[in-house]
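The following block contains the structure, expressed as structure tokens.
The chains carry the letters A, B, C and D, assigned in the order they are written, with residues numbered from 1 in each.
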């Protein structure tokens, strides 16, 4: 990080003398640094939240594989017919990828938590269970129930597994909320740097007038301001990002894989986003100040 | 809202003439208004997130009532003895509020989803189930298993219901994160308004000097600045809050009671917090500017 | 040296409005002003001369409490400046009209409002008919009637100085301190300003003008008894009769 | 009226450095300056007088491209100001040294750096031995050797004007425009400044000084051939021989 910073600073620091003509703008400077700092800090958190929410949504989505169960408690003898009928219906239902009758062993495994392992399953009038794999969008449960009532009246659709669906949705929503915050934060910091740069330029009207009077070109004047604001924003954002990362690391993570958002850490490609925060902040400041400086200068003779 | 605003404005606007002596500070003004706006907007969201997370944590906490299940699959005849032994152990375990053997009917209800309603439960070698109610903190599952192995070897502890615990924790965490963000946002806006006020005061050094020269008292000068910044912050925060609320309302809510954070609305007492945002913002600006003005004036003869 | 003299040129037996007692001032380096003793009687008319950089502006600043003497005592209206609180200084300044060398204004307010500023900050009514007429008359006096609605940055150098003088006298202060008030004004206009100052002096105001314009001093001497002080070699001297 | 005259007082047959052709200017209200025609020959020495508010500062601003004539043509070094881009104007100003009436500086840089500012902004080396010696000599010339490390707000009024003059001449410009350069300076010092300007004029520089100080004009006339312009009744007039 610090290496990155120094390289960028060097790139922008090619004319120290020109910098001196702009007075150290005190509070405006601190304001810029602080805004960039706060915004970068918030951005790191929003980013971590988005990434974590994204991870959760993905993992749970995979785990669930969008499954539900159909149970056929048919009178003895009709079991096989109704099972086949139900399978036919299911396979032609939009939103269902696959439907498969469970074997005896699979049914036993399901019941084990309730009865222990030595359940005499062959002796019981057990219903046949059918495992349904859905698409991402899922199927129309009400419509399916109607069709099943006609074709396999003994079938009972149990989409109990769906309870997790709203959770996945919530995670996705949280992810969107996170990205929206990031966008908002980026806009807000751009606006704030622009306003700060404008305030600095307005406060330095005399400096600009003096420079024009002694024959300074617009680019010379603009450069001094632009460089300074870009560097400030870069510095502030770099610190904000750093502090944000440290804060994230310090938040105790349970490492609990079942945990929802208990793990707000940044992983893998997420780091790319994080490392982009300071240079993007600097770039925004660069463009904003350049724009502001141009506007102010054009008003001047 | 607008009523509140006007009242506050009136309170602060008792000397319009004194206000005129401070020049319209253009960009610093917009900066203050915008910072307050953005911060209030973010605060509304952080608040909504916190409140929603709090609601979820509470509701799920109630629903679960921290329960788990003990299953005793004892050989015929030992069932009753071991059940009693297990109940004794459970009742003396810290972290367990209550333990109760399920009746036949309750067990049948539990199995219905699997076998249908007409299961000949009396004929089956069903295990006895014991329902455990935990305290908020929960019990030590590993320790309990050890004790049960000695007293009731046929007992199997099933804390499958615990899967929701990390979710509740996550919700609480999210709530804390939300409040932390609010604190951060408040600090950031206070810092930004202070810096903006300082920048404005620094930019108006000549105004202050002229006013002192013609015999203006410190309070007269400070008041003009303070009033202006407090009003700006109030205005910005009021708009930010308003826009935030509108945005919240526009985010489609599923009204899905099972949904986690699908309902980011503000309810009941939450509104008190929201309505507090603008006046608090104004107050912060008031104090910050007053402080800054005092400092600047004291440096002047 | 002017020790223990009574500078009141009409010989009135009133206590001094400005009194310096062994005053010295330094901006941090060596002493700029040393061992200055002076007593300005009410109703007197003083000029202050001296080479550029000798400390005329500094001296005036001591006389309205903008600077604190590094040694000795400055008494304004018989109160030691050192003992005054910030609000006391503010109230004191309402009795002293000051024309700064670099006339500064509130650049966002029109000239008339700038001139009326001392009234506004002391809480006096500026919208009454009497106040308005007074302001108008004053504007005419300094020849700014046509420029009353302009903003200060739109004024010419001489117009600024005249506006500053108008602002200094609007409160009808007991003392008027003017720092180089004719630096940017042509001869005709400076004669008009002088007439204005002389009139004020005849009304009993105490006047102290720092200037390097010897012509102005000569013209004043022809109209009113004045005393000319000179800062030379860090000390206050009475200028000879050659002026 | 000065139509079609050759203002070069040495009668050299060179093209004018500043040329006005039927120029008018208005700040938005009525016309402040009307129908001004003038041609300033290289190496000439002009004074510009006129009552306060007559438009002297405005006239000078037209002469260095800070304002655009509302009618007519202003040509600087034979180029019409109207056709110049912003960077052209900047480069042009490096050939014109200007002493503003309200001398403004970069308040955060010491006096020496302010004086050397025209060099810095035009990319010239200010740290070389030659440049340093030159700067030192210039400081001594305007009597600011002791105040070189001070910040501009710490200067007295006269010191500011001298620093502004030093800044205007450091680039050794072809033309020097000075607006009321002796407004805050005592007689002695203004004689020194005049000597400086006369010296520059003898080196071939073109000088145009706006002033209301008739004494200064008289003193100049004794040393060098000058022409006195007068703004009166919105027009440019040649002042009579009475000066």
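Criterion: a residue touches a chain if its C-beta (ideal position, glycine included) is under 8 Å from a C-beta of that chain, and two chains touch if they have at least 3 such contacts.
Worth saying up front: this structure is predicted, and the values here are computed from it rather than measured.
Connectivity note: excluding chain B, the chains that remain are still joined by touching into one piece.
Where touching is counted per the definition, chain B and chain C have no chain in common. Set against the C-alpha centre of chain B, every other chain centre is closer than that of D. Chain geometry summary: the mean Cα position of chain A and that of chain C are 68 Å apart.
Once the centre of each chain is set as its mean CA position, chain A and chain D turn out to be 63 Å apart.
With each centre defined as the average position of its C-alpha atoms, the distance from chain A to chain B rounds to 20 Å. Residues of chain D in contact with at least two other chains: none. If touching chains are joined by edges, the resulting network of the protein chains shown is one closed cycle, each chain touching exactly two neighbours. Inter-chain contacts, as defined above, occur between A-B, A-D, B-C, C-D. By the touch rule above, chain D contacts chain A in their complex via residues 61, 65-68, 86-87, 89-94, 98, 100, 104-109, 113, 117-118, 120-122, 167, 171. Those residues of chain B that touch chain A in the complex are listed here as 25-28, 30-31, 34-35, 38, 41-42, 45, 49, 71, 73, 110-111, 113-116, 118-120, 124-127, 156, 158, 160, 163, 166-167, 169-170, 173-174, 177, 181, 184-185, 188, 191-192, 195-196, 198-199, 202-203, 254, 256, 258-262, 264. On the chain B side of its complex with chain C, the touching residues are 17-18, 20-21, 23-24, 206-207, 209-218, 220, 297-298, 301. Within the complex formed with chain D, the residues of chain C that make contact are 27, 49-53, 56-57, 101-102, 147, 154, 156-159, 162, 179-180, 183-189, 212, 214-215.
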